[in-house]
Structure formats: structure tokens, C-alpha cells
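What follows is a set of notes on a single structure, which appears directly below.
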Amino acid sequence: MALLELDSVTKRFGGLLAVSNVSFSLDRGEILSMIGPNGAGKTTAFNCVTGLFPITSGQIRLDGVSISGLPPHRITKLGIARTFQNIRLFAFMTAVDNVMVGAHWWMKERVWDGAFQTKRARSEERSVQQRALSLLDQLGLSRYAGSYAREMPYGLQRKLEIARALATQPRLLLLDEPAAGLNSHEKVELMQLIARLRDEGLTILLIEHDMRLVMEVSHRIVVLDHGEKIAEGSPAEVRTNPRVIEAYLGTGASEATRSA
Amino acid sequence: MRKRLAAFIRTEPEGGPSSAGTSVFWILASSASGLLIIGWLLPWFVGPYDAGVGYSAQDALVSSPTGIGTILIYILAVAMVILFVSPFAEAFMRFRGRTFGPRADRIRLYLGIAGVVLTGVVWLLYRVLGEEPLFGSLQPGEISDSAIWLTMYGFALAALVYGARPWVIGRQTLAFGTAVLPFGIFLPLMFHQAPDFLLWAAGSLAIYMLLALGLNVVVGFAGLLDLGYAAFFAIGAYACASFASPIHNIHWPLWILIFLGAAIASLFGAILGAPTLRLRGDYLAIVTLGFGEIVPDLATNNVFNLTGGPNGISGIDQPHWGFMDFSESPRWYYWSLLLVSIAVIVLLYNIERSRVGRAWVALREDEVAAAATGINTTTTKLLAFAIGASVSGLAGAFYGSLVTVVTPDDFSFSVSIAVLSIVVLGGIGNIAGVILGAVILTFVIFWALPNMDAWSTTLSSTVHIPALANINFSSYTYIIYGLALILMMLLRPGGLLPSRARRIELESAGESESLAAVQGIA
Amino acid sequence: MVKPTKGVLSIASIAALGVLAACGTTSTPTSSSAGATGIAGCHGTITVASDMPLTGGDATDGPFPAYAAQLAVTQANANKLMGGCTLKYISKDDSTVLKNGHDPAQGAANITALAADPTVMGVVGPFNSSVALSEIPVASRNHLALISPANTNPCLTAVVAVCSDPTIAINTASLYPGPHTYFRVIASDVQQSEIDAYVAYSVLKAHTIYVFDDQEAYGRGLALLFMKYYKADGGSVVGSVSLPGATTTFSTQLSVAQSKGAQAIFFGGTTGNGCGLVRRDMGSAGMNIPLLGGDGCEDQLFITNANSGAKTSEANGSYATSAPDVTKLASSATFFSQYAAAYASLPAPYNNGTKEPYTAYGYDAMNILLHAINSVLVGNGGQPPSSSQTFRDDVVAALRQTSYDGALGHTTFDANGDTTNTGFTLYKVTNGAWVGVNTYAVDTSGNVSVKS
Amino acid sequence: MSDQSGTPGAAPGGTGGRTGAVTLVDQGNLGPRTSEGSSFFGAVTPIFRFLYSLISKNFGALLLALIVLSIFGTFLQGGATLMGNQIKNALVLGAIYALVAIGYTMVYGIIELINFAHGDVFTVSGFYAIFIANTLHLNSLATSSFGGLLLALAIVFPLSMIAAGLTGMAIEFVAYRRLRDAPRLAPLITAIGVSFLIEGVMLVREGPDYVTTGQASWINGTAFTIGKVAVGYTDLFVVGTALLLMFALGAFVQRTRLGKAMRSTAQDRTAALLCGIDINRTISATFFIGSALAAAAAVIYSINYGDVKWNIGFRLGIIAFTAAVLGGIGNIVGAGVGGFLIGLIYVFGGSLIGGAWSEALIFAILVLILTFRPVGLFGVEVTTRA
């Protein structure tokens, strides 16, 4: 059974049809990329999956169970984590605290544990902090563990956001343009990171404009345009799909490819 | 010039997440100066009680007595002047781009220690040996004792600050606590004359400090603006009053009532917080303002015959446990409030550093990201309201018991504003700052403003400027208060002792959009 | 505004006045000169104090009795009323900027501070009933005499029927954990409301009435008492409403009163809280029925406010009962002229004691206190009793025996500390000024009669 | 932080010393999780949501129904005369609220700041009007003849409006301009400070009591009577002037260059800046107009009531703010209508359930609007972004 299924999902803002009747599914361990021109509805689809937007119609299922209508934090608990296109870190929290927030939902520490610094609170805080530090370490961020998120270089902020998402112990990771604004070296690192996550068994849904990255890491690709799914398939299939080329390069271009 | 100023103000090394920097050092250093000068001038300050009583050193200089005491007094005076001037001198040097070396620190440490010892000797000479001439016409157990206590404390503080400078800067919170706590505990013993008045002032300080600490949870930690905070104060006070007064003929002890007051207030905090969860910052402010107005309205209208109408509830019990007769002197309230305040400060400090505290900051920084990271925004916000309200309910219970009357007027909008001003003045989101703010503002509201006239009269006759006596400060209280709020926000929006994060935030960033706004349901 | 603490002013001139007073004006009782010889050798400091709201919104009222009390002390010093002892005066302000006026918490703090000073033998104050509620227990516990020039709430001294009303809810006994040390030189609202009810029903012949109050302790209490006695007299209350003091328009409720056929309006409260504005709005609504108020309404501001509407003579024909006009009493003439002389340098209106009804009450309250202290000194061989507590107890005991002729006439206290010098005058606005109509007295069984 | 649905096992890595391969992904948590949640809240939440959206969508209708019911209740209580009188009272009060509310709404619309000092600008304008009328001896002029009245009005209105407008601009310049990009807390507290400052100055200058303006004598007499309800010239004047000013403002904002600049600045400041609009000038102008309207309200107020007091602006301000929120903050027409609605609620609520509850009722309505319909009656629900 697929991990995540979108079943004719539609999201409408007033008169604007942002996502229209989109269906696709993700298998465990798979990396699926969502591509499409700007304004195609990719981020809206992400927001629908993570519960930020209530969907207008259709269904989103995780492990066959509907998650539409659940609040965002419940969806995170079910194992979906995400990053944001325009980095949304907790700017005035240290990097390690940012990551620790990801562990909040399963921590057993209650208010009074914190207030009275009970043994449970202390040991849990310690272990969570250790876990957070080790995540930072492995992503090469340990130097910045004590800095405010907003003081970190841009590329590292992207990584920190991934670290925070990983701290929520996801089964499915949604990455919204993780390569945006990265230099080529950082892009290579990112690619390696994604590959490593895949190897460790994580399922990934990716929005990305960098075609090289998309083609290299994705198992399958879904193409959206004007809120509709116009193509789905392996990187090779998508690359040659005329509708995709048309969407990306305009009508003339598609004519040109066809005639070529 | 600007750069130098900036370099001087920048108090901590770049990059570290420390909160208060060396401000604590400067505060303690100037407090030492302040104590020394107050010790010197105390009789002058206390005005009405002075009749023929003066402080030792001053009197000694004036009456030029003989004997060993004189020499001691002169030595003390020199030490006092040096230590009084020293922080200002150091600040000036820093401003000029130079620093004092460790030798200067050592000298001042010795001066401080010597000051403590010599003041002790002077006191012994006076109290034990009864060396009368030293002090002119002193009467035992009066203001001079308090002055000596204050002076000793000032010397000790100076010794601590200069002798352990790295420790003070490194462990600010601990150092601050170490420096301030003994003062708090021994305050009732330090003053012989008019102690009750002082303790009463300290009691209302503690009550307002508790209120501000509670509001700081809501405004500072969770970033939710609350303009009707006095409502919870009222709820706590009325709860206490209802269960410990003749009005319903229930007489429960205070120690139960503070928990009851806290519990009831936190319940209301959560209930009143619930409808505001989706609102943006300033809408939230207005709704809470509305609550703040409704609650006294209900009390005035004697809702369900619970509140006694415009007279409020009077004749509230004051506890009497064994030798602790709360009604006999405010000192028992003072010590209880001190204990409770310390407990609240420690608990809030812990909470701020625990999971919930982190969740609040996350919420304040970016509600959407917090929700997407698995934080339940609803419960986290409600928790902030509930905890904030519970502290204020606790303060309310003490207020009712201390004053023995609660009336609807006691919980007006201006009380909410005063508490908010304390938080803003001291430093939003920083517990130490809030404490400092409470000290300053309650001093201004309950002491300086009411006594401004008397002081200006005294001053005018001392320095012979008759014009001073004719300024009528008391009528300008509103104006002074308003100007202070404006200037505060324009010049130092982060407060006197800002938490570093909040300072930068207040000076630059905008507000994070609410989850509800993103979801399109608000 | 003013600063009573600075009343030190021209000490010489006041002292001169005091000497003048000693040379045989009525306000200096003969006992003092006789006592002065006995207590010339008195040693020590005796402090008396006043506690009034001096700043903020209460600055219109509080400073007057405080100045008057200070005048009494200055005169006593000039007369050597305490013999060789030093007599000091402390003025406390019970307002805070938070309340923009009187604050019970500040009042309690003031009394605590005063009680802690062993030389303080008595306090004139407070002005407001809510402050009295917080101060009386502190004073009682410390055996400190408290003489109020202005508290009229009956439940402060004795239990009357309305004290248990849920909107008043004052448990008088709980206010006195120690001895009963509270006195007042002004009559309580019980007598006033009985007279008000009588006036409304029998003099104005209004058999249906609509009652306003200002949601404050004084106004609400007066309105409740009034309604009780009015109904007992046979009248019918067609409606009542409590409106906050900040209310600026009363037309809504007046329309209701009009539709219910009220033949008169009663206002329990002060002019500052809208008494005059009600009259003004009655004019706009075209209601030609009488308005009756308590002593909180009988002032110049009422007339100004009532006439500020479309009809510039609307105030005419309004009624209010108030304590007998002190300014008209022969006994007060000397006081008011002394006040005017002593405080000539103060800004208006504080240079004229007649601008506020409670000025003379502050003066008499302080004089009664001073004479009680004097009689204790005299009774103790010209010296203060050894312990402060004994001294205070003796002062309270002496206060109970008070028989004093002052600006207000003859004052004695009953067992509850209430003055026996009662009686209220009905005033009517005629040609833009309050004019006394009749003075009424009420006996213990509630019968009202015209007082000669 | 109470619900913990789908908690995975223990914290990964256990406590302290971790062994084995270092992983980024917690292998133990890759299996399916159940969203248990609490079944009670799970069952109840949809009902709440439904009720919420029901009330939220029909808030205006519910409020109107409430008002109509209370008017009818008043009819039952005291007949047509009482009802008519109260409607008259409500309209007079509503006209003043509406004018003050427009000031709030304009300022909020353009810089998203609750101008706490606005109520005090209203009060201070009342004193300006007194000052102008006394200095120029307008009182005798206005009461002498109809022409004199018109002349007096023609003098006192523009002068007080200009004075108040300048005050408003000064407040903006001193207290808010520097904080325009700061988070909301900062200017909100300055606004409260300005409010205290103005109140303090008025308290010192004018004293703590009502000050008589003398203007109430300018217009009097009954215009006409319907049944037993006498409608005075003042009533007509108050409501008429308020409506006139509102229409004039509406035309100004719709037609003139400055009005258009205001609207575009309100919608998107950056974009307006790019289009060459002088933002500072536009915001100053907004404060000027908002304050001038408050001054007009104050003149109307003093002509109707004849008394001004240093602190009347505070409560009136909050009530007017409620009106602005009711109409949808930022919406000028909405604020006008909201003002009249609040006037009706205030009067009929007070008439029916007792005046003691009027203000509590207004605040309750404020809370209800913000809870159920923060966009106000005339606002459209929009999602912020796609």
C-alpha cells in the first residue's frame, strides 16, 4: 500500500483554483518530485498535505487513513515533516533549540516537570539535546549550535530546517525547493543528503526547480501546471513528455520539439 | 561619538546567546553606589521621621567629635566617596575608550571589605560601648541603624562586584540573586523606624512584581499582547476575598487561598484565552482590553450576588498562625511574599528553559512553522494564558488579604497598563528585567510620585531655589507617566534589561502571521 | 492644583492669627488655656495626621479638609495647646496615579505607616468610604483614633438594615478587630435618606419615582436606603438604575423614567458622577418634574452642569438635601475668615474654604482630636502617658466624652462614634443658586420633623 | 501540550550513550502510526466547527435580529413613545460614535495601528471648541439670530477641525513615525503613553470636573413631533451634520488624488511607495482627517450636551473602536454604519436590561465580533495568500 495518497485533491481560493483534482501516490522509500512552473500549485499542495490549508474537496490519505481536516501538528505527529520555500526558522532561537522543537511532540515532559526540573525532565532534555546536537553534527552545523538561526549563513539555514524536520521523526519528508539559493557545492551536498535519507528508508516528496537535482535523485516525477497534474512518470518519461515541455517552454517550444 | 556609545552599550561578546550581558554588573555596581549614598542621606529622605536624628558620618563631620570614632568616620567617608564615584568614573573611562586594570578592582575589593568591617566597628562603638559624642544626639534604634545597615550592604555589594567581576559577568543570574536575596531577607531587620511602611511598600512591590512576572509569560514568552491582565488579578483577589471574609461566611486560610486564587484565575485565563486564539496581535489586545473592562463591570454590578457591588468585599481575614500574626505587622506578608516570589521566579525561570518555554518562543517567532513542527498551538497558547493568569491570581489573593478590602476600582485599565509598563520598561521576556522594572515603577508610582512634592520642598529649602517648591509635581503624574511610556518605546523599545532576542526582535522584525490567518479561518 | 504638604507657607502669619484667635475668639475653648498652664512642662513629641485624597480626580474635594485640619494644628501650636510638647502634623495623600484618586491600598499603607510611628495619636480621615473600609481595621488594631470628616456610609459604624444587602455587604463587626476607634463628625446616610424619602413623598408630593445611582459606595448606599424608606412611606419606585460615574448622557434612562410615569427623579451620587448632567438631560427630554439629590449634589458644579444644556436655567427647581449649610452657621464665620487669611497665597479655589462642603468638618475633626489629646495630657498631670498604646487608648476614651463647640455647632459622639449633630437642610435651586428651604431632623424611630 | 497521539517508542538513542551506526532517520519510527487522538474531542470538534461557521457566516443577521428584538422589547415595555424616544437617543449617540469610529478605522486601515490616543483627541477638540467659542465670543453671536448661528458654526467647525487635525499630525510625527516598522507592541504602548499625556495635560489645564461649553444653547427648540416624540433641532443637527461629513469624506476618499493615495497606501505600502506616493505625507493626511472628524464629533457633542470633561474620550473611544471593528476595520462606510448600530445596541440594551450593563454589553459584543467575525460585518473573508 502506498504511504501517501492524494485522491482528486482540489483547493480553491475564492475564484482561484489553486490545485485542481490532483491525484498521485507515494510508495515507501520513494523520492517523488513535484515540478512545474511558478504558480502551478506545488506549494499549495504541500500546504494541503501538511494541514495548513483545509482542502476544498478530495482526500489525502496516509497509510490508507484520511488525514484531511487534521490540524498541522497532528499531521506532523503522524509522520509528515516539511521545510518551507522561504525558510521559516525560529529566528531568535539557537540552532540546537530549533532542532529540539522538532522533538517536542513526543516528549513526555509536562509543564510541572519543567517547572520543578524533575528527573524526567532533566534526563529527557539531555537526551533530546544530545540527539539534536548529533543531528546538527551530521549535517555539519555543530559550529553554529549555539547561534541564533538568523545569524547563520543562508545555505546552512536550509540545512537547519531539514534538521528540524528530521527531529520530528518523520516517515515522509516534504522538501519545498531545498536547493533554492544554494551554490553548486552546497547543491552537491544537498543531493548527497537526500540520497542518504533515501538510503536510510525515508520517503521524500520534493519540490524543486533545479532540474539536474530533480532528475538525479527522483524515482518518479509529478508535473503540475495551473493546479492540474499534467504528467507523471520516471524522470526519463517526464523529460520527453510534450505537455511538460509545453508547460515549461510555451506552445512554440513544444511545436518545435515535436517537429524536431 | 555614536560608535563609542555603541561600543560602551554593547555589553556582551558577539554571538553568544547570553541574555543580560554585563548589564547585571553595571546594575549591581551602581546599586552599591546608590546604597552608599542613600545610607548617607537616609535621614534627609525619610523626612517626617528625622527630628534630631542624623546619619553617623554626616553628623560626625558636622559636629567634629573626638575619639577613635572620628578617625574611622573619616576613613569611611573617603571609602564611601571612592566607591560611590567609581562606577561612574569607570563608565566614563570606558566611554573614552580606556579601561581600569585588575589592580583597580583589587583596590576597590579591599575598600569594600574594609568598609564593611569599619562600619561594623563604628556600630559596635556606638551600640555596645555607647560612644555618644560620635553621633551627636542619637537615640538608639532609630534611623542611624538603618543607615549603618545600608552602608554595610553597599560596601559588601561593592566588594562582591569588584572582587568577583568575572563571576558576576559569567553567572549573571546567580550573581544577581546572591546580591539581592540577602537584602530582601534582611530588609525588615534593617529598618527600625517606620519599618511597616517600608514593608508595606515592599509588599505592594512584590504584588506588582508577581503580576508583571505573570504578564511576562503571556506577553514576553508567548508574544500574546494582553491589555486586560488586571481581570485575572481581580479574579484572584475576589476569589480570596469570597473565601476568607464575612460576605459568605467562609473563612479559609490564606495558604489554601493562594492556590485557589491561582487555580481559579488560571481556569479563567484558559476560558478567556480560548476565543482569542485565532486573533492577530492587536485584535487580541483589544479583546483582552474588553475582558479587562467587563470583569470590574461585573463586580460593580454584583453579578450573582457574589461580589458585593461597588463596595466590594471588606473585612477580609488576615492569617494568624502561631507567632506569625499577619495583621500585627506587614512583615509576615513581606516574608511570605518574598518566599512566594522566589518560588514563582524559580518556577518561571525553569519553565522558560523547558519544553514549554521553547514552544512559546517558537510560537512567538513563527506560528506556522511551529504548527508544522508538531507544536499544538492551541494548548500552548492556552497554557501561556493559564500560567500567566495563575500568577496574577496568586498576587490577587495576597492583595486581598493585605489590604482587607477589594473593590472593583482596584482593577481598572490603568492597573493593566501599569503592569504592562513594568514588563516593557524592565525588558520584555526577561525575568530579571521584569523584576528590575517592578522595582523602578512601583518606586515611582507608590513612592516617588506621591512624595515628589515633599522632596522638592525639602530640596528647595536645602539648595535655596524657591522655585522648586512651587512646582506641583503631583498634578503632573499623568503627564510624567505618559511621557515615560513614549520615551521608553522610542529610545529603548527592548526595555532596560532586554532579553537579547526580544531586543533585536522589537527593534527590527515585524510580527509573524498567525496560523489562523494562513488557514483562512480568521 | 495644590500641595497641602507645603502649607508651611507663612508660618509667621498663621501663628499671628493663632495668637489673635487665642485672644478671645469663639473657636478657642476656654479649657485649653486652663490646661496650658498645667502642661507647660510637657515633654515629648505628639503627632497628628490627616489622610485625604489630595491629587488626581479627587483634588476637587480632599485638599480642603486637609488644609482645614492643618490650620487647626497651626493654631494649636500657636496657642501652646500641648504645652511644652512638640505638636507635629503629617499630611498623607491616599490617592495614587493608578486610580487617579483615592486608593484603599494606599490608605491602608498610610495608616500602617502612621500607626507604626509611636508619636501619632490620631488621624483625621479618610474622605471616602471605600478607603475607610481598608483603614478602619488597621486603626482599630493599633488603637489609633480615626475621625472622618466625610464618610457617610452607615455600615462603617453600626449595623443597619441595608448593610446586608448584597450590593453593600459590609460586615461591620469584621472591621473592628480591636477597639472601636473610628469616629465621624458628619451624619450618616441613614438619617439623610429618611429625610430624602420624606421630602420626596410628603414635601414634593411625588408618589412614583425613578432612582439613579452612580455605582459608587456612597451613591449606591444612599439610593438603596432611599428606596427602602420611600417605599415604607408609601411611594412606589418605578425603576432604578446604576450607571458608572463616567456616564456622559442619561437620556436613555430618562426616557424609560418618562414612559413609566415617574413624578420625580432621585439621584444617589455626586455631581462629579453626573447629578447635574441628569438635570441637564431632563431639560432636553422636556421633563418638568423635580430632581432630588443627596449632599453629593448640593454644590455649585451641579448648577453649572445642569445649566450647560439647551436650557440655561434648567437647574432651577432642583432639590437636594445636605447637611446644614456650614457657611451660613454663625459658629463657622470665624473659621472661614481664618482659613481665608491663612491660605490667601494658595491658588483658587483652595484659598476659599467655602468652596467645598467638607472644609469645616476637617477643621472640627482635627480640633476635636487635639482637644481630646489635650484632655489626656491634662488628666495625666501634664505629661503624655508612658506607653504609646495607653496614650492612644486614653485619646479614644477622651474622644468618646467629646463635647465640643466648633464651626459645625455642638458635637458629641454616640456609642458607635457617630455624631449626634445631625439634621439636614433641603435646598432648592432658585435663580441659579442653592437656597435653603427647611431643615429637617429625624428621631430614632424615623419620624421626620422640621427642625427649628 | 496534552495530546500525544501516535507517540513513537522511546526517545531515539535512548538516554546517554548511543551505540551503533549514526543515522539521520529514526529507523524504529518508520512504521505506521495511528492517530488515536481523544475520541471525545474528535467527535465534538466538527460540531463546534459547524456552529462556529454558522454563527460566523450569519453574524450580521444575528446582530440585526437582536437589535430588532430589543427595539420590539422596548415597544412592549413602554409603547411607541418610549421606542421613538430611544431611537432618537440612539441615533444621536450613534452619530457621534460613527464620526469617532471613522478616525480609528482610517488610521488602522493605513498603518495598522490602534490609535489609543484618538479618544483623547476627541476630548481635546472639545476644549479647542470651547476656547475658540470663548475667544471669539461666539456664544452670543450664535444665540442672537439664525444667521449668527450659521456664522458661528462656520467658524467653530473648521477652526477646531484644523486644530485637532494638527494635533493628530503632531502625535503621529512624534510618537508613531519612528516606530512604523517596529512590531505592534511598540507603537501600541506609545499610543497609550500619548493618551495618558494628553489626559494629563487636560487634567492640569482644565481641572477634573465637567467644563461647560455653553454651546448647547446655540440650537434649541422642537422641530417637529411624531406622536409624542419630540424631535429637537439639535437632534436633527447632530445626525444631519454627521451624515453630511461622512458623505463628504466618502467623496473625498473616492475622488481626490490624496484619497486615492490613502487607499493605495492602505492596500500595499510598498507598492504605493513604488508608484511615487509620498507615504509620510499620506499618513499625516490620514491622521489629519481622522482627527478633524473627531473634532467635528466633539463640536457636535458639545453642541448637543454642553459639557466636556478631561477623560470622556477614553470610554467613548473604546466604544467607537468597537463600532469600527463591527463595521470591519479599515472600512469607512462600515465604521459609519457600525457607529449607528452600536448606538442602537447601547441605548436599547441599556433600556431593556438596565444601564449598568450597557458597557459590559458593548464589550461583550466586541469580544463576540472578534471571535466570530474579525473581518467585521462588511468585511469579506479572504485567505491571505496562495
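What to note about this one:
Residue numbering begins at 1 within each chain, and the chains themselves are lettered A, B, C and D in the order written.
Note that a contact is a pair of C-beta atoms (placed from the backbone, for glycine too) under 8 Å apart; a residue touches a chain by one contact, two chains touch by 3 or more.
Given the structure is predicted, the values throughout are model-derived calculations rather than measurements.
A summary of chain positions shows that the Cα centroid lying nearest the centre of all protein Cα atoms is that of chain B.
Across the two interfaces under comparison, A-D and A-B, the one joined by more C-beta contacts turns out to be A-B. Averaging Cα atoms per chain gives one point for each, and the point farthest from that of subunit B is the centre of A. Spacing of subunit A relative to subunit D, judged by their CA centroids, is 43 angstrom. Mean C-alpha position of subunit A lies 47 Å from that of subunit B. One finds 41 Å separating the Cα centroids of subunit C and subunit D.
Centroids of subunit B and subunit D (each the mean of its C-alpha atoms) stand 35 Å apart.
Residues of subunit A found to touch two or more other chains are 13, 53, 77, 104-105, 107, 111.
Residue positions 1, 203-204, 314, 356, 359, 382-383 of subunit D are each in touch with at least two other chains. For subunit C, the set of residues touching two or more other chains reads 1, 56, 59, 100, 215, 242, 244. You'll find the chains touch as A-B, A-D, B-C, B-D, C-D.
Per the touch definition, subunit B reaches subunit A in the complex via residues 15-17, 347-348, 350-351, 353-359, 361-362, 365-366, 368-377, 383, 387, 501-502, 504-505, 509, 515, 518-521. Interface of subunit A with subunit D (complex): residues 13-14, 16, 18, 28, 39, 44, 53, 63, 65, 67, 70, 74, 77-79, 103-108, 110-111, 123-124, 126-128, 130-131, 134-135, 138-139, 166, 169-171, 196-197, 200-202.
Of all residues in subunit B, only 48-49, 51, 194-197, 200-201, 204, 245-247, 297, 300-302, 305, 308-315, 327-328, 330, 399, 402-405, 407, 409-410, 412, 414-415, 418, 445-446, 449-450, 453-454, 457, 469, 472, 474-475, 477-478, 481 touch subunit C in the complex they form. In the complex of the two chains, the subunit D residues touching subunit A come out as 1, 4-8, 11-16, 18, 22-27, 29-35, 37, 382-383, 386. Subunit D meets subunit C in the complex at residues 77-79, 81-82, 85-86, 89, 92-93, 203-204, 207-210, 212-214, 216-217, 219-220, 222, 230, 232, 234, 305-307, 309, 311-312, 314-316, 346-347, 350-351, 354-356, 358-359.
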